[in-house]
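In what follows, structures are represented as structure tokens.
You will see chain A twice below: alongside chain B first, and alongside chain C after that.
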Partner chain A sequence: MSSVLQDHSAALRRRPRLTAWLPYLLSLPALLVCVGILVPFITAAWYSLQRYNLAMPMTRGFIWFGQYIDLFTDPDFWNTVQVSAIYTIATVGIELLLGLGIALLLRERSRFNNLVSVALLLPLMTAPAIASLMWKLMTNPNFGVLSWLISLLGVHDFRWASDPRTAMFTVVLVDVWVYTPFMMILLLAGLRSLPPQPFEAARLDGVPARFVFFRITLPMLTPYLVTATLFRLLDSIQQFDIIYAMTQGGPGDSLMVFQVRAYLEFFQYTNVGTSAALMMVLWAITYALSNVFVKQWLKLRERAHGTA
Partner chain B sequence: MTAVAIRGVRKLFGQIEVLHSVDVEIDDGDFVILVGPSGCGKTTLLRMIAGLEDVSHGEILIGGRRVNDIAPKARDVAMVFQNYALYPHMTVRQNMSFALRLARTARVEIDKRVERAAEILGLGQLLDRSPRQLSGGQRQRVAMGRALVRNPQVFLFDEPLSNLDAKLRVQMRAEIKELQQRLKTTTVYVTHDQIEAMTMADKIVIMRNGYVEQTGAPLDLYDHPANQFVAGFLGSPSMNFLDGEIAEGAMIAADGLRWPLPESFAAQPLSGRKVVYGIRPEHITITEAGIPARVQLVEPTGSETQVVLQASGSTLIAASRERIIAQPGTILHIMVDPARAHLFDPESGKRLAA
Partner chain C sequence: MSGVKTWLAGGVAWLIAIVNFFPIFWMLLASLKTEVEAVQTPPLFIFHPTLANYRDIFALQGYAGYAFNSIAISVLATLLMLLVAVPAAFAMAFYPGRYTRDILLWMLSTKMLPAVGVLVPIYLLSRDLGLLDTRTALVIIDFLSNLPIGVWMLFTFFRETPKDIIEASRIDGANVGQTILYVLLPLVAPGIASTALLSVILCWNEAFWSLNLTAHNAAPLTAFIASFSAPQGLFWARLSAASVLAIAPILAFGWISQRQLVRGLTFGAVK
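Right, the complex of A and B next:
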């Protein structure tokens, strides 16, 4: 007993020096990460306010928001916004519905269901660029297995990603293949963690399955739906690997989403200023979206806790 | 008339048998409490009555109708869950009227029933609130209101008070009992709390390890426990038990102390038999002369004083209305009321009939 007291008082004596250093020590990794993020971010913001083309270094100069004004008056930029929006809404929408559907099917814990859910996770473990190459091979008009399969259905000369009319469909298909499991696993975890009692009460009340789904399951699952949607939305609007690996943004301008366009501006046209401005616009959109969602999510979480 | 009959009901989860041929008859309008330590199968039995669990063997009848294969909603029962199970995004009114709205009950009728239930439960002011804006006790009332509006043949309660704090629990206990007496609806209530069972029930079913140990009115069970488990389970502080052997019309403990037997045993040829001697704390009195016992602890509760004593190698508790002041370690003398003593068989635990 007395030795414990002594140890304690010794610890108290040591404390002042420790308390002075501890906060900095503990937050050091986070501070380092912050520096690693802030430096390129500020550099990009700085470049976005300049006319800066590597091919024409003599024209470099500070032009305030000239770069942004050029962008907002450029129909190509609005094409990028439109393509990104369509891509994001299509992928997230389809993945949400499919993911929810699969999660509902696998809801009951059984050996078979657990096995299936693990098997369904496999696409998520494939690097998106590799997955895209795989799909590129499968959709090859000459020897692709998918092209062959739909030719059996009587559809010939379907050119997948090479045709501007079907390119969007094809990359969305790949994105859905890769990321639906992510949606599914989050929603499955959500479904399985819902308290069973309201559903039992519903059985006693004789609530039909349709009502149970729309009036009980969906509202209780909303925080999970919002979280999963947020993650996918932020990811999808910044999509690069799948589209670049499949089509490099083509054919024409049909898949010129933000990241791909910014990449091409920089590495093909060496237009550093335009590329940086594009990235800043994308950042602003992402930031605004995540803010809206985090607020919504906090509200929902509070509500879910209030009724636990 | 029998409202609920449980006949030879067994429940198996895989290979594990959690209920072993349970028989319970519940009369119309009775308040029956299933009580026992956790894992005794009481909640499983209740869920089987509700239809949330299948019946492995045997049959359950509600209102004379075999309900084994009838869906929960068609059994005409309403259940109140331990954590209330309110629909989180509906208001109190919507929660209470949901089942009726689904059953396409007339609007006027729904309003009438909800208003009536709200009045009975004192929820009038809260009808348009959502569950998260309510306290635990209020949520509990809404859960009861939801059961009430359905006007079922049988109410089922699954440990409804265990999430409430002690004071609110006592208050809700009285409210539920009063409500049941007013409505006269058959009620099956599950709890692990023997005080709840003693205070509320018309009839108690004591369960352990999937068996029914004893069934009867609370005070009958208290005064005439069928076995040592029931004797020890009911009552707080619980019954004192001493080991010993019968000789010369008394029970002789290992240290030679003589514990008097009930008169009815005097004539029986029990001499030499090993028994467990049971006596409730309130039937031990502290006197000037009697059996000596060493004081271990004195616990005044205000209305009574509980004295923890050491005698015959066992710890005994004596409860007295009088205020007793004694130092730990001193010797007090006690007397037991032999008419209130019980004898149990040490092997089977069964009470020896006088």
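Right, the complex of A and C next:
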């Protein structure tokens, strides 16, 4: 009896040896590559502590946090913070509301609704650089079809992205066109996966629609709302393609978000140090934001599924 | 009452779909106009369509080369990504360890590093290695930037595959190779397809790295079009034709594989 048990445990011990090693062996390449991704990042962190301008190699030197102190006392930097914040809040906010609205509209499974929701995927598959071209074509102040449309409504001389007062609005509009579908599909999937019982019970009891929405639909949808917002938030604060293609950060400083500014700092002024320092600040903000959200998200997922 | 409501909802849905499709449609129209018609005010809705712009684009020196670059880079980067991501995701899903979740979250977090931030080191590095304006550089970059998402997506698919199935097939006498080929592969194939699709779309649409690391030799279609648009909007009709040609394959590709696409575009968050 005891020898049988021993044999059995020996066999158990032998097998885990292979299964213990194999997973690590299989994941190793991916892990190494991800560590490799960190190398340029650490290099950039190193650059951010140096005075380093490609045009003036002689002045290169280690200056600790001098770069950051310069940044924090520079009004242009605070403009960048402000512009980035406005852009991120406006795009994510509008996309969340619109995405939720459209998802609620297409909630019932029908052929028509499915067709519409697939058609809504088209902007998401379009390269953001090309999507920006489409909008430049439509919003050209001279011959754009949108300029013509609003002139029919009596608004003349609306200069879209070339006027500092309306540039933000225009670029946000493009972002909303491209990324609202992302919110929509996520939330639509969330809505369709909700259990029907609470809604049936509410209908039988004659609960008003508004009460159902705020007290049943929204709370149950929260994990999806958090996930969708997180994805869009991290992406939007780092937006480059659309803004650069539409206005290159202008006119003036009106769309100088973090990435565009760091990009110009490098390619126009060959200022490696400042560019790197800007990116470190952006990374710190992104990291802090995502930490808050990921914690919420894991908590919600655990509550929903038992395990994450 | 309810009938009116449904009818209204349908109308609004139609309106949203039309507004949503209009920019693509308008660019398609512009690509079929002459240069003069494309910038006419008031905008032309009815005109004699011409394919002259497409003919011009195809005749353009190097167009085939850009298209080839787009295809080669997307396919190679995707294959490379799958080669590394599939074993890793498989191991994490089927043999989860104590740190699996932490490792996975950490991998995903590398996705948060701002692209411009690593542009400088990568630009200087590829300059020193002589990789500027080569397809190799873009394949490596696309592979690197899609790997974390690839591992994550494959993991979410593999996790749903019943684990007992491997044990069961082993008991039935299948060896490791047979288990993988006949049991596991058919089950996870849709997941791999979905991940590959997302990767191809992301590589195809990638413009930032292409613009900064390539010139004439290795530039894919996105970089070509972006450079095309640099001079004042003089050639809108031709530019539109080039853009339509650049997005058409991916839109067609996506339309065919809708189911996989939804999962891919939401990074595995939607089933």
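Note that the second predicted complex is superposed on the first by the 281 of 308 C-alpha atoms of A that agree within 3 Å, B and C clash if a C-alpha of one lies under 4 Å from a C-alpha of the other, contacts with A are read in each partner's own complex, and residues count from 1 in each chain.
Here, a contact is a pair of C-beta atoms (placed from the backbone, for glycine too) under 8 Å apart; a residue touches a chain by one contact, two chains touch by 3 or more.
Please read all numbers here as calculations on a predicted model, not as lab measurements.
In the superposed pair of complexes, A:299 makes contact with neither chain B nor chain C. Measured by the number of chain A residues touched, the leading partner among chain B and chain C is C.
Of the two partner chains placed around the shared chain by superposition, chain C is the only one that A:177 touches, whereas chain B remains out of contact.
Of the two partner chains, chain B is the only one that A:215 touches; chain C does not reach it.
When both complexes are overlaid on chain A, the residue A:41 reaches chain C alone and has no touch with chain B.
Residues 308 of chain A lie in contact with chain B in one complex and with chain C in the other.
Touching chain B in their complex are the following residues of chain A: 195, 197-198, 200-201, 203-208, 211, 215-216, 219-220, 303-304, 306-308. Taken together, the chain A residues at the contact with chain C in this complex read 19, 22-27, 29-31, 33-34, 36-41, 43-44, 47, 102, 105-106, 112-113, 116, 118-131, 133-138, 140, 142-145, 148, 177, 181-182, 185-186, 189, 193, 227-228, 231, 234, 238, 240-241, 245, 258-259, 262-263, 266-267, 272, 275-276, 279-280, 282-283, 286-287, 290, 294, 308. Those residues of chain B that touch chain A in the complex are listed here as 50-52, 71-74, 77-79, 81-90, 98-99, 102-103, 130-133, 146, 150.
Listed in rising order, the residues of chain C touching chain A in the complex are 9-10, 12-14, 16-17, 20-21, 23-24, 26-27, 30, 38-43, 84-85, 87-88, 90-92, 94-95, 97, 101, 103, 105-107, 109-110, 112-122, 125, 143-144, 147-148, 151, 201, 204-208, 212, 222, 225-226, 229, 233, 236, 239-240, 243, 246-247, 250-251, 254-255, 258, 261-262, 265-267, 269-271.
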